[in-house]
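Shared chain: chain A. Partners: chain B in the first complex, chain C in the second.
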Partner chain A sequence: MLREATLVARKDLRVELRSRVTTNQVVPFALVVLVLFAFALDPDRGVLERATPGLYWVAVLFCALLAVQRAFAVEAADGIRDALRLTGIEPAGLYLGKALAVAVQLLVLEVLLGLGVVVLYDTALGGWGLLIATCLVATAGIAAAGTLFGVLAAGLRVRETLLPLLLLPALAPVLLATTRASEAALGDDTAEGWPWLGLLGVFALVYLTAGLIGFGALMEDT
Partner chain B sequence: MEPVVHLRAAAALLGRFPALAGADLDVASGEVVLVRGPNGAGKTTLLRTCAGLLPVVSGEARVLGHDLRTDRRTVRRHVGLLGHGTGLYDELTVADNLSFWTRAAGADERDAVAALYRLGLAGRLRDVPVGRLSAGQRRRVAFAVLVARRPALWLLDEPHAGLDHEARDLVDDLVRDAAAAGATVLLASHELERAEPLAARIVTVNGGVTTEAAGVA
Partner chain C sequence: MTTRLTNTDRPGDGPPAAVDGGPHSTASPATRVLGVLVLVASGVLAVLGLVASPADTELGETVRLLYVHVPVVAAAYLAIVITTVGSVAVLWKRSQWWDLVAGSAAELATLLTALTLVTGMIWGRPTWGVFWVWDARLTSTAVLFLLLLGYLAVRRTTTDQVSRATRSAVVGMLLLPNVVIVNRSVEWWRSLHQDPTLITLDPKIDGLQLFTLVFGIATATLLLVWLLIHRFRVAWMAQRVEAHELDDAIAVRRAEAVGS
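Showing the complex of A and B:
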């Protein structure tokens, strides 16, 4: 399964490197979102400073939507979905590979967005251990849930509009937990952030398990 | 000896809708069978059902000794389907596509490269993204992947579509070679003059039902 997951992840990342959709469209989109937040909240710098973790993760969620949509859109054309089913790749391997590719793209975006909030919002980063752990676990949860809902929406004609409706409510607990953990990391008391990180871990594990078990059935049914 | 394809009153669904209604078909090992019928008759559906891509909801359906109602995933590993789509990633180069699809199917990439040369696709196209190829060139790449998989059952849906005269001859040679090597071939085509000489038998499909079988050999 791991061999298959690696094969699928490398292929998905290669498709992204060749098409450059992430670098040419998703990254600029994410930066534009950060700039718009700054415009909206600039009159009161205090609000912007307090809201930075939440704004950052909302921007990450928007990017995740685009990355997940893209991961399945490239397979909607020219019989690729059928061809994948005919290879005999285990659905769990396919799921894990696609989730891994989405996670790698999100991590790159998170670094760039992090630089964006430092420059645009004048945020001082700190609590590095908690901050990095939060990013890694949250990314795993977002990619796991996104890939699961992505395949659910992929076979439907209304997939572009359905995916946000399905995914964003499902990711609400991630937004809450990552925001709280990030606030703690950037604040004075990092101890408050670790329980939120634990919650994120549970969320990631639940969706990863659901994906490994249910991806095959969803791929057949949609 | 059990036929490679055995359908009796087999009915399959496309989404929630009935797509194949009571198909009867037996194809022996090493046989080349032509499936003909008007547009929308169910030729593609028949091939996709045999590939294990559509759920069989009633009747008997066995392919390569596996029950299509319970064991479709095993069937898929042993069949090769060339459908209307090529199943190739536009963004990836020819070489990337060959590498991914052969490794995903546990096949040897060198076989795909050899088939590609045999199909007349020059080596200089290896590093060209598939999205920049013509329809005929894309079809040749898809054929090369199919050949490398060495499936026990070839399912070819309009295999000559989009190909020039020379490539059509090469595809015919590949089909004959596959059959000579013991593979079974089920091909659907409108181009009867081209496809009939390849086939030992013709089956007619209409309304999702196999209605006629005639020997041509």
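Showing the complex of A and C:
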């Protein structure tokens, strides 16, 4: 199953690498969000720097929406979904593969956004251990939930509007946890961040389990 | 699900013959008794809450709103549990019956959660001086309300019954875990800044106050059961009508083919 998952993930990533939609559109979009935050919150009063963890993760969530939509839009045409089902790859493998591809793209985006806040918001990074762990676990959770709701919305006429309505409230705990954990990492007291990491882990596990159970039924159906 | 209404069973031809053992009206003797019970209990609760029970030593007269607020919360959570159980049953057994139960319970859960928010805000205005504070319970209830709206949106996306059942079951299955995760995270979030709730209810509430509260919860539970049965029957009959209309359309097409 893991081998199949990596196959699917490599396929998705190769599509992204060649079509360059992520690099040409999603990354610039992330930058736009960062700049918009600066316009909304006066950059001279230090609000941006203090609010960096929250703004950063809101930007990541917006980009995650686009990445997930993209992951299923590439399969909408030419009956690719049927073709994927005919390959005999288990739904669980398919789910893990697609989630993995989304996660890899998100991690790249997170690094770029991180550079963005350092340059634009003048934020000093620190607490690397906690910061990197937070990014990895949170990305696993976001990708797991995103892929599950992504396939659920795929094929519906209202998919573009339905996905944010489903995904963003479900990700509310992730936003809380990542923001607090990042704040702890950037501040002095990293010990405060670790419980939040546990919560992110639980979230990722719950959604991965739900995805492995539900993906098959949803694939059959759409 | 193979039995169908025949074409002669039109609404104008009197009550249709029994189909699938399903309900043909949203009322039955049992629900009528239940409905009367709910009405009487609501009346008694109004008397208990507004007249009989004393004002609270700390909260004053505003405590009376809690006899509605707390029962509504309890019923909302019960409805969410039913939705999640029903959704798991749909995925597990492919049961259409459970799909309708889950969908009906989710609609009621949404209504009750909205009522929770409204009654909470009305109570918060005199107690805290503001309608809304970013208190742990308020915040998690608001997120819960949004999650429920998402579930209902999924149910309205498609008219294909199997597809609707599967999609909404996946969202419904996650409702309860989501509630737990959201509550946990929001409570941690707020406890870093302040107490989990701005006001802790005095646990030494007087005997009649406690009784009123428990009575209120029982009433709300009865109300939920009563509404759920009716909503389920409406959903069931809507489904029968859809099947009926499809049969009619097919019959009309057949007649055209024969006529030409």
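Things worth noting here:
As a convention for this text, the second predicted complex is superposed on the first by the 220 of 222 C-alpha atoms of A that agree within 3 Å, B and C clash if a C-alpha of one lies under 4 Å from a C-alpha of the other, contacts with A are read in each partner's own complex, and residues count from 1 in each chain.
Keep this in mind: a contact is a pair of C-beta atoms (placed from the backbone, for glycine too) under 8 Å apart; a residue touches a chain by one contact, two chains touch by 3 or more.
If you're wondering where the values come from, they're calculated on a predicted model, not measured in any experiment.
Legend: residue contacts after superposition of the two complexes on their common chain; A:T87 is shown touching chain B, with no touch to chain C. Ranked by how many residues of chain A each touches, chain B and chain C are led by C. In the superposed pair of complexes, A:A170 makes contact with chain C only, with no contact to chain B.
By the touch criterion stated above, A:D78 is placed in contact with chain B alone, chain C being left untouched.
Contacts of A:V202 after superposition on the shared chain: chain C is touched, whereas chain B is not.
Comparing the two complexes, residues 220 of chain A contact chain B in one case and chain C in the other.
Taken together, the chain A residues at the contact with chain B in this complex read 4, 7-8, 11, 14-15, 18-19, 74, 77-80, 82-89, 220. Across the complex, chain A meets chain C through its residues 148-149, 152, 156-158, 162, 165-166, 169-170, 172-173, 176-177, 180, 192, 195-196, 199, 202-203, 206-207, 210, 213-214, 217-218, 220-222. In the complex of the two chains, the chain B residues touching chain A come out as 48, 51, 53, 55, 73, 76-77, 79-81, 83-93, 96, 100-101, 103-106, 129. Contacts from chain C toward chain A in the complex involve residues 91, 143, 146-147, 149-150, 153-154, 157-158, 162-163, 166-167, 169-171, 173-174, 177-178, 181-182, 184-186, 188-189, 192.
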